[in-house]
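Each structure below appears as structure tokens.
Below are two complexes that have chain A in common, paired first with chain B and then with chain C.
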Partner chain A sequence: MAEMARELGKSVLKGENITKVFGYGKTRTEAVKKVNFDFHEGEVISIVGESGSGKTTIARMILGLITITEGTLLFNGQPRDISSGKKRKEYWKNIQAVFQDPFSSFNMFNKIDDLLLDCINMTGGKHKSDKEKFDMMTEACSFVNLKYAELTNKYPFELSGGQMQRLMIARIFLLKPKILIADEPTSMVDACSRATILDMLMKLRDEIGMTIIFITHDIGLAYYVSDSVYIMEHGAFVEAGPAEDVIIHPKADYTKRLISDVPKIYGEWDLSTVG
Partner chain B sequence: MGKVMLEVNDLKTKYVTRFKEDVYAVDGVSLKIEEGKSLGVAGESGCGKSTLALSLIGYYFAPLHYMSGEIIIDGQNISGMKPDEVRKKVLGTEVAYIPQAAMNALNPTQKIIRFIEDVIQVHDKSLSKKDIYDMAVERFRILGLPPEVLQKHAVELSGGMKQRTVIAISTILSPKVLIADEPSSALDVTSQKMVIKMMRELMEKGFIKSMIFITHELPLLYNVTDDIMVMYAGQIVEHGTAKEMVFDPVHPYSKGLMGSIIVPEEGTRDVQLEAIPGTPPNLKHPPDGCRFAPRCKYAKPECKVYDVPEKEFEGHRMYRCIYDVDYLKEAYGRNG
Partner chain C sequence: MLRQIKEAFRNPKFLVGFILFVLLLLMAIFYPMISMYEPLTYYATSFEKPGTYVNILDIANSEGVKLNVDTAAGRLDSVLTDDQKETMKDWLVRFGGVEESAIDLEDSESFLKLWQDNYDSKNPQKGLRTADKKAVARLDKQLTTALNSDSIDIAGKNEEGELEVVKSIPGDHFINAGSVGNSYTFPLGTDNFGADVLTKLTSSIRVSLRIGLVAGLIGTAIGLTIGLLAGFLGGWVDNFLTFVTNIFTVIPSFVILVLISNAVSASARGATMVSVIIGLTSWPWTARSVRSQVLSLRGRDHVNLSKLSGHSMPRIILQDILPYVASYVVMAMILQISSGILAEAQLSMLGLGPNTSTTTTLGIMMNWAQQYSAMQSNSWWAFVPVVISITLITFSLNLMNTGLDQVFNPQLRD
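Our next item is the complex of A and B:
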């Protein structure tokens, strides 16, 4: 999607010396070490790393699910404030997430209708008439190729994994957040559904101009979708920059090794580099 | 032409469910693997890849039932054998199977060497523990695994090491066919590469004579196997060499599948991803005629009526479509 490379908008999320420490004393682990990042409006970012490199920890800190040990996170140029429940809710209107496992992301006691209604009410649609709400829900479902009539009065566990993953995207369509964090959104689906999901997310990005942060270990995906890529190792960024530079012409040794380990189709895949 | 290691003729198996709604998960699969060759099986989730693996090793426990067809491993017909007989006579020595997420199935209270003793003693009670230990150390050394692993428990090993250990355990009796079901999907890229390297070594050193590799990751299959077979709704829709299948697919479904490949290589960013619309059919009530017709953009009314036979072309390739090869290629050319 190189043709989609665009002028960077203003900064929406900026991290300065973000650090996260788990435990203390002997068990003290620095999961994230003084990382700096700057995400812009409408940009697609990938944070790539192996398991245990701390990429999900960064996502959780940005979402405000865990506290930041040290450093400042600027949202729209202002230090982020989620000290009270009200402020937190306000923040979550702007920043949303899609997780790896759609099965554990829904409240199983709520019907699909309630789930989508919640999204409408949360973004100030409370006063709308039932007809308007119904139209909005139908539109959201058809955006992700689902039929609202088939979903109404059903519970999340009655749907298949692919349907649920798409319903997650329908939620995002209704909420229209400024930033979307996609934490391994395609690692549980096959290559075919992966193309569908990526297609939808990109369409959504173009429609509402949101920033998407992919947290992934799939380097092919990172290269395909993102404007800029951050490579992470042991809690720190070893390389960051435009996707073309980082993935095709890597500079850091770690990045070179990571990319050489991905199966290739056009080039030679060298098996001798591992022990 | 090498010796045929595994030959399957028109295999049909089904899952028996309640209310007499049988699910025909493997519906008329035929394949042949020669000595020293490997075959990759690709397809969407739910197309019958894993059921095919279970059917091939004769694992017919309810609800999976054998219906018809032949499975011949190195001249021995194992179709129709009782599961218990299969376990004692066939599994381990003739055919080895690595199920999905096998590495999480290692008993955490046992040392790795115990699993190996277990496997060997089912087939040969005469060997002493000392002999087995020496044999295991030798095998681990050849495969580049540290022999200390044998005295460890599963929880002490990393994911990649666990997976490699599982493969070493399953192939300790040098089976003729290894069936690996998604052996590297839960691993990160570096461990995945180590697993692949080890499987290559197993083939090169002759510890396994042939291999079936099941995964939905096509770039991986392209690098590992000689041939690729694409499954859809319990049937084989196309079969050819890895290179032909990736760069020159004929069946519209394989074409769509190859269009969803993403690799981090120069120039692949500008390629438009092709997603196949719709979802795979419910195998309780498979559609009449061609099973892919409801999702196919080239389908014509006849596709939904007549059963499509497997057609051979270019001598060794096979596909299952109503159209001629030339027509399909021309149609792809028109659509870019």
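Our next item is the complex of A and C:
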């Protein structure tokens, strides 16, 4: 998998000295400090770090949800321009996200159908017939092992956390973006749903060939799913590179510590099997 | 939302408050319609007691029915005031040799008997001034006349201008009050101008509720808009709007209210104008709390997701922010309606309320009652119903608010 990704080569997102500062004066926090990265087409990238290390902040800057205090972000080799509503909309056709907490990702006042219809409309399906829209929604739901017929006319709070997160993936299935940022999509669901959701993300990647930026605090998970790994500590990348290089031959102390913490959680984790 | 509305009506506090409010509203809307009086027309002299007033000439002209009942006690009550009874009691104890414990002012019949048995105008009455002696004697005479159960002759002038008996009214005859030609009932008496208090009161409730409603709507609309924009847009818009809000918060809104009301001439101050003025000064509180709620909402992932779905800013505010603050806004508005009604009452007490010649409000009624010393003259009907109405309105609104609070924030439920 890793070899394949490096062959793809073409850079889709490139960050140079990206910095984010929140607040000023006494409340000033530098959440992200001069980070550099280069994400390629079709690649699965993991950003690994502890809570509060700035992972979500990077994700939001890349998504264009918050401003970048300093630095340049190149999208497809060009400086990203989201200065107008129209340009933002165009950008978001290319880049989408699945968030950490499914319970706060949904508008509780809107029906599930509204969410899925929005995706169809956004990708130019506004003029499709009701039947076509229905088929698309059914297909998207069955991709994530949900039955549209059981979800129609329901509100998000009538679903479980795992079902909600799967619905978020169904949304990505309909949108088919070039880049997906998955910000700890499995940290709030049970272990069983976690495996299913990861499976579905990988299946989706294979199907539409998108770049996935996978954010996690779990280095074991990062190893299994990704081609490249970025290790983040206190707002900066301390180590980056192909997954096996970083995890089998870690250079930074912080990475070593992260790896040594893993066996305590996963008994079966064994680095000797890696190769 | 529908679910919460249903739940609200299952909440006992909300339900009681709502029913109370609707009853007040219905009374305020319909009573002035069915009442035979106009709220601002003067029908009587000032502060007449609650009751039915029948025309004396009509009674004199009516044919009576003889009833076999004792009329003395009833007459005594209608003729003597409580003060006069006290004077008589005092006399009986000091000069009539009656034990104080033997006198019961409530039992008119036995009291009357005691008086007739023991009063003697020839009694030396040591220690009493001549004027007081004469006053007691007059009282006795008044009693004797009133208690006369013989008939009274009514005289009128004939064609030659001489007096002759036209009619004789027996002392034991009655007529049905409903059959008297001219009879007027003032269930809550009349106010200082002689207007019917009940009609004026219901009409005042209507105007006061309208003032509260308009003021609440305006205040909430402004507060909501400013709070939404400041909280969602952030940056210099937030800084500017927060600055303005802070200015309005620092200066007590009542001071601004008084200043604006003063600037508008009394004749231009209609009920609507006053409610607009109240609404314009009551928004900062709502604006602040809406802003802080929006501030925490705008970073939520469902808002981020909505942005990623390409929704426009107005749409995000209306669909992803507003529903989340709606329950709070409804509650804030209920409180603003109630404080708007109180603000009008306060303004009117200062003489800065709506123009008194064209409209009447609860505050105006309070103001007149105070200016004409209704409290000192024991004319309770001119102000007690007004106070009760204001209390009931604010009580019902606050009850609804508490109920809604329990529905929207279930952890508050006990």
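Methods note: the second predicted complex is superposed on the first by the 254 of 275 C-alpha atoms of A that agree within 3 Å, B and C clash if a C-alpha of one lies under 4 Å from a C-alpha of the other, contacts with A are read in each partner's own complex, and residues count from 1 in each chain.
Just so we're on the same page, a contact is a pair of C-beta atoms (placed from the backbone, for glycine too) under 8 Å apart; a residue touches a chain by one contact, two chains touch by 3 or more.
As the structure is a prediction and not an experimental result, all values here were calculated from the model.
Participant: Who does A:109 touch here: chain B (first), chain C (second), both, or neither?
Facilitator: second
Participant: Is A:258 touching the first partner chain B, the second partner chain C, both, or neither of them?
Facilitator: In the superposed model, A:258 contacts chain B only, not chain C.
Participant: Looking at chain A, does chain C or chain B touch more of its residues?
Facilitator: B
Participant: Which of the two partners, first being chain B and second being chain C, lies in contact with A:191: first, second, both, or neither?
Facilitator: first
Participant: Answer with first, second, both or neither: which of chain B and chain C does A:101 touch in the superposed model?
Facilitator: Touch partner of A:101: chain C, not chain B.
Participant: Pick one for A:149: touches chain B only (first), chain C only (second), both, or neither.
Facilitator: In the superposition, A:149 contacts neither chain B nor chain C.
Participant: Is A:221 in contact with chain B, with chain C, with both, or with neither (first, second, both, neither)?
Facilitator: Touch partner of A:221: chain B, not chain C.
Participant: Quick one: in the complex, what on chain A touches chain C?
Facilitator: Those in contact with chain C are residues 60, 63, 65, 85, 88-89, 92-93, 96-97, 99-101, 104-110, 118-119, 122.
Participant: Which of the residues in chain A end up touching chain B in this complex?
Facilitator: 1-3, 50-51, 145, 160, 162, 189-196, 198-199, 217-224, 243-244, 247-248, 257-259, 261-267, 269, 271, 273-275
Participant: Can you name the residues of chain C that touch chain A in the complex?
Facilitator: 1, 300-302, 304-312, 319-320, 323-324
Participant: Can you name the residues of chain B that touch chain A in the complex?
Facilitator: Residue positions touching the partner: 44-45, 144, 159, 188-190, 192-194, 196-197, 200, 216-220, 222-223, 246, 256-257, 259-270, 273-277, 279.
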